[in-house]
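Labels for the chains are A, B, C, D, E and F, by order of writing; each one numbers its residues from 1.
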């Protein structure tokens, strides 16, 4: 069973609204290599696990638990980027010029139509998330290799998305996720090491100096690229795998640690023009 | 952030393998009105919530938390139904007759191809789960009405699926979910009552005597149709809405309660013929 | 604007329930070459028509109007095939054996889950109807050629589906539609003749003796393969195209005629076990 | 059977071409809550209706009939917005600069590729219309609640789309549809009132002053928000439900009335550069 | 079996990067009437061919072989249009302003996220290529008519896409493909002539003066509109059909000829900022 | 450019018709890990390759070339399995009993509706092939890892499908493809070895004794699990990678060799009842 404490796993840094950034950041939420995919893939792999060697299941489930928080973090970041992006003045609607004309120019129009300027289960191209992207091959080696490709491509894509806006809200969340994807890449690579592979200098994929992203540096200093957060309320055997030297060329020691302290969930203001929340008379 | 204790929210009752039942039960997992949809819909609605009236968000998020456990329950039930459904004798493969010929006759063939006889993110027709089924309208009344239709249709469909097999593994999980969908229907109907609606005798949808399902009776006796489980590790305001008389014609008092004690996750045996888990030499 | 009289365009012949036939007949409703496609394709082509040569638009729209009635005819036929296909005795549910276990063996399970044993906007494989199957090229010749392929394939597929069950409900509707698809094939071929083509003996596609289908014979005797029904309440110029010798090797004279007299819509009984219609206390 | 008179259900107000407006208006045609969905949903619900209480079927079918005209109205509006949006001078193609370079910047490129600058069965994001959006639950209460959410979300989305352009062609059609969606919301809410619900002040959803949209005012003055048009050529029992006080907080008396007088279908000019209509030598 | 020589079927003319052109050119690769569709449609039709009259299969397979080269040509053209479209200076990433901010404004964002600025199996709207677009009706006449519509619409769409940019890389490839689609249109029309049709002046569709596209003229001078390239290493009977007078109003003699001499495949430079190719230490 | 010789890459072994086997074998053609996916994935990766290190591109393209032949082999095998599966006696149609009633019971109904009992671009569940399954990450390591998962899962799935029928036509093709997928797995694993990985005993995935499949044994004896066929008409550098000791625990020496001698394409008989080929008068 799953329990919750109302804390985000990372901070939302305030900056200007940026609907074009919100559009491309959807890839990290509802894209083929986004957080909804990782969450559901690890959910299915841990539920479908066969056999007694539970340290592998504990590892996969442990990362699954973190991905639920990642989904919430990216949803919240997109909401922050969309917040106050249209309707420059409340009550101005329908007078001279169209209040959303400008906002939607480089935006995903569904951000402004389907909901009240908030996140959607779609990718950067507006395609809805699809269950056929989830793989649970039932063969542990195939699953671990697939997860490795998933986390590697996660970093790869986020490092490209990062270059699409210098917005601080946008880049801070991407930087945190890049570092965490590195940790998860290490976790799956390490699990394969227990089966006999010597990776040499293959990882991380992509090959890059993580410190060239200024926002990443503090998370590296915190050791987040070599840490696995433990969200279990009971015992777990993750550390039978996630320990010792990192399989990445960046080296370091792998460690299972407590989750971050938690960050406040920003409150989104009501939008009468968007009819949100729409509590009838209460909304006067 | 999300935490976990390795317990199922309800018991898995053992019975014979039943791949045809596993096929149709997928609707309750990956169908348009299945648990993946409820989980993701309430995830988006709670993350996208606007305004200060947080009791509504707490209610939606509270149900979201339970749905994560429902996803795990249905995945596990499907796995139990598929378990030992093919390969009557290990090592028999490829001799006389094809070991899976019979198993797949009324099965979803992907249950035997994509994974090692285990659950998939698809519906009863084999269509993959789709993000376009998730609605977060950004208008609280529209969201609550949509959730009401979602939970009502959830009961309706499960009461039809229930008639497709008398397998006990299958019916026990459906019965538990039918009662819980009733509770959630009550929750969203009650939230709309706080906005001024008097439902008369409309609910529950469908109109039926829940006690005619023998497996439902014990959950009704436990009061599960009028209870909301609390999975929060911090405070919640659900009970500002979820309290007082049930909006359903079945009446009773609504109450926020502790989650069930938890039930063990069955261990799935390895399947060497399915190459699962496939740990290389360890799998000899 | 569109007007309606509660009459079916053809008779529903009673016969036994046949869920396997209902499943494959969905192709004629929600398949790529089914009636929903023809209806929407001709709707878009007539609304998007350019230029003053309105006889072509009148022709396309005239066939569109008939297709709306075809959609209703196939929906009703599927409903008739599903009617009384499960729950052999009302009130028997959940006792010994599962009432729907048998019904769904060769059925589309969604016929029993999504609705109360009734038609769906899907094809014979259960895939939902898709807007990308609708073509409005904006070039009249390309549109007419596309429509010719559409109607030809319509006949072709229906003549194959016809062989899948000897159920009379099923075959009567297919036979009527085969003859009408022939008429529409003639209409589009004739329109292309006005642009200079001489078809020789190419049509109809497929090449077959329509009289080998006993159910088709009476519609051929009525001249339905060479007739275009007129559903316009104002004037139309269809007969500037739809006149003279048929372009088909079966020959005959093309004629615009009044629609059939109309046939009663069968009343579907309520199904308390399926919670349908579910009128609350009225449903006791 | 369905009959037709070549009249639009509302006027097309001329204004400048606006491809960006055409793109977002597609949501009202081929989106999840657009007119193709309402048309097909009510078509399936009326064909699949069970039982003798035909006033509910007459109500659903009555609205279905109007939706066919709405589809045609939105198709025609999109065509008007695209008309003359590219190729500023005929014959100018391919000389200096690309004639469509500018037009497609904020347009749906398929408007210029798939057809001759005209409407498509897709939503504002370019996703094709999908049959899985159509719900016919087979339980009347679930169907009516679903229809209520559908019409409410219809208004909600159109009131957001309205803010995306001040183009008069665009806003007039949206305003007419907003008022009609209100009427249909009232119809389904009223039908639920006959089953015992007292809505209080819940409706309309969203909660708004319809008169703040100047284009809506005249339709409200005509009483269109409380009227149901009758497109039946035979008798109907709609008025057994659609009568008495409106369930909306805006009050008024519900009335079944004759359809509007009808408005001319604009003629779209040929586009030789787009090869439309492409009548061979006739197109010289 | 299939053999390869590393040559493009046409030249890649260099010009400036143009991501907006790359976006719309995707239609010619992964669109419903693009080269992936023609390739797969003719692959299925030739493999599924029934009967002894192999000249028709040879014709279809012969065009299939050319389409494999067309896929490669369009992939390469898109890559050329995207090349150097972002990151104006390598090493500049993340300093002042976002290096891709501008590039993605009118681009398909997936061109910059999914891969290293290169081609994708999607259409101009970003929708993935779909197998349901491939038709192999099993009836030769229906197949030939469908292929005729496919090739005609191929020309039609490319002649519209041509107007979207004056980029030379873009227009040269489109012009070559327009001429080749004409040849294939002639091939299928001629095959239908062997079955008795007299086309009159119907073809080509669209009706246009191919010489108004300056880039087309040289291919017409080479006779490419009336030629079928022969990629068979063994004997073929294509010329039993593809011979004699062209069925097009443009006339000329049809001829089976050797393929073009072949053009070099441009080398794409590595992009360290895009982590491409990403050869670890070799990529320093 | 691509050239062709009318030879299959492997033999089609005759056996009884088996529509249920044809249905599941579609996974190997149009499934997520089927031959259409491998063909298109390697096509995109080779066209999109960046940099001068062409041995990697030659390797990927070399496998792409073989996959085109695999597509043809699986299409042909499915056709053989469907051949004569319905219409036991020609001319028997429509008399007593329905000729296809039995054939479609465990079949994909589209095999009998869409075409004349022949292969389709869909998977074992009937879902159409989808372009979003093709990955060209633009990072060579990610691409090679992805290809490894693709080929490993290819073997895994085929070894499961193999158990679904003992039909010889079916199993021979699967056995050949299983051995070839092993060779391609070796190729991509070897390419990663050139980047520094030591695989230990990880491969092949799945871990199995290939000789337990009797049909595989002869291909292993021919050395096909360690061979790469060369389909280039010009020079290739594949052997710079594909050489030396196999990375698989099965060991052996890797070698680039000539393709197999080639096997005849079976001729499919005409089916007048299916209107195939449908050559009009010629079809009498």
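Methods note: a residue touches a chain if its C-beta (ideal position, glycine included) is under 8 Å from a C-beta of that chain, and two chains touch if they have at least 3 such contacts.
Composition by chain, UniProt nomenclature: A, B, C, D, E, F = Manganese catalase family protein.
All figures in this text were calculated on a predicted structure; none of them were measured in a lab.
Peer 1: If you apply the touch rule, which chains end up adjacent to both subunit E and subunit F?
Peer 2: Common neighbours, subunit E/subunit F: A, C.
Peer 1: Pick same or different for copies subunit D and subunit E, depending on whether their interface residues overlap by over half.
Peer 2: different
Peer 1: What's the farthest chain from subunit E if centres are computed as the mean of the Cα atoms?
Peer 2: Of all chains, B has its centre farthest from that of subunit E.
Peer 1: Measuring centre to centre, with centres taken as mean CA positions, what chain is farthest from subunit C?
Peer 2: A
Peer 1: Tell me the angle, as a multiple of 5 degrees, of the rotation that maps subunit C onto subunit D over the C-alpha atoms.
Peer 2: About 180 degrees, rounded to the nearest 5.
Peer 1: Cα centroid separation between subunit B and subunit F, in whole Å?
Peer 2: 38
Peer 1: Averaging over Cα atoms per chain, report the distance between subunit B and subunit E in Å.
Peer 2: So the centroids are 47 Å from each other.
Peer 1: Please output the residue numbers of subunit E that touch at least 2 other chains, ranges allowed.
Peer 2: Within subunit E, the residues that touch at least two other chains are 32, 114, 122, 126-128, 130, 132, 135, 137-139, 141-142, 156, 195-196, 201-202, 205-207, 274-275, 278-280.
Peer 1: Each pair of chains that touch: what are they?
Peer 2: A-B, A-D, A-E, A-F, B-C, B-D, B-F, C-D, C-E, C-F, D-E, E-F
Peer 1: What part of subunit A is in contact with subunit F in the complex they form?
Peer 2: Subunit A residues touching subunit F: 32, 127, 130, 132-133, 135, 137-139, 141-142, 145-146, 148-149, 152-153, 156, 192, 195-202, 205-207.
Peer 1: Could you please specify the touching residues of subunit A with respect to subunit E in the complex?
Peer 2: 20, 23-24, 27, 31-32, 106, 123-127, 156-157, 159-166, 201-202, 205-208, 212-214, 249
Peer 1: Quick check: in the complex, which residue numbers of subunit B touch subunit A?
Peer 2: The contact residues of subunit B facing subunit A are 1-9, 30, 36, 40, 43-44, 47-53, 56, 61, 65, 68-69, 71-72, 75-76, 79, 114-122, 128-132, 134-142, 195-196, 231-234, 259, 262, 267-271, 274-280, 282.
Peer 1: Where on subunit C is subunit B touching in the complex?
Peer 2: Its residues touching subunit B are 86-87, 93-94, 96-101, 104-105, 108-110, 112-114, 122, 126-128, 273-275, 278-281, 283.
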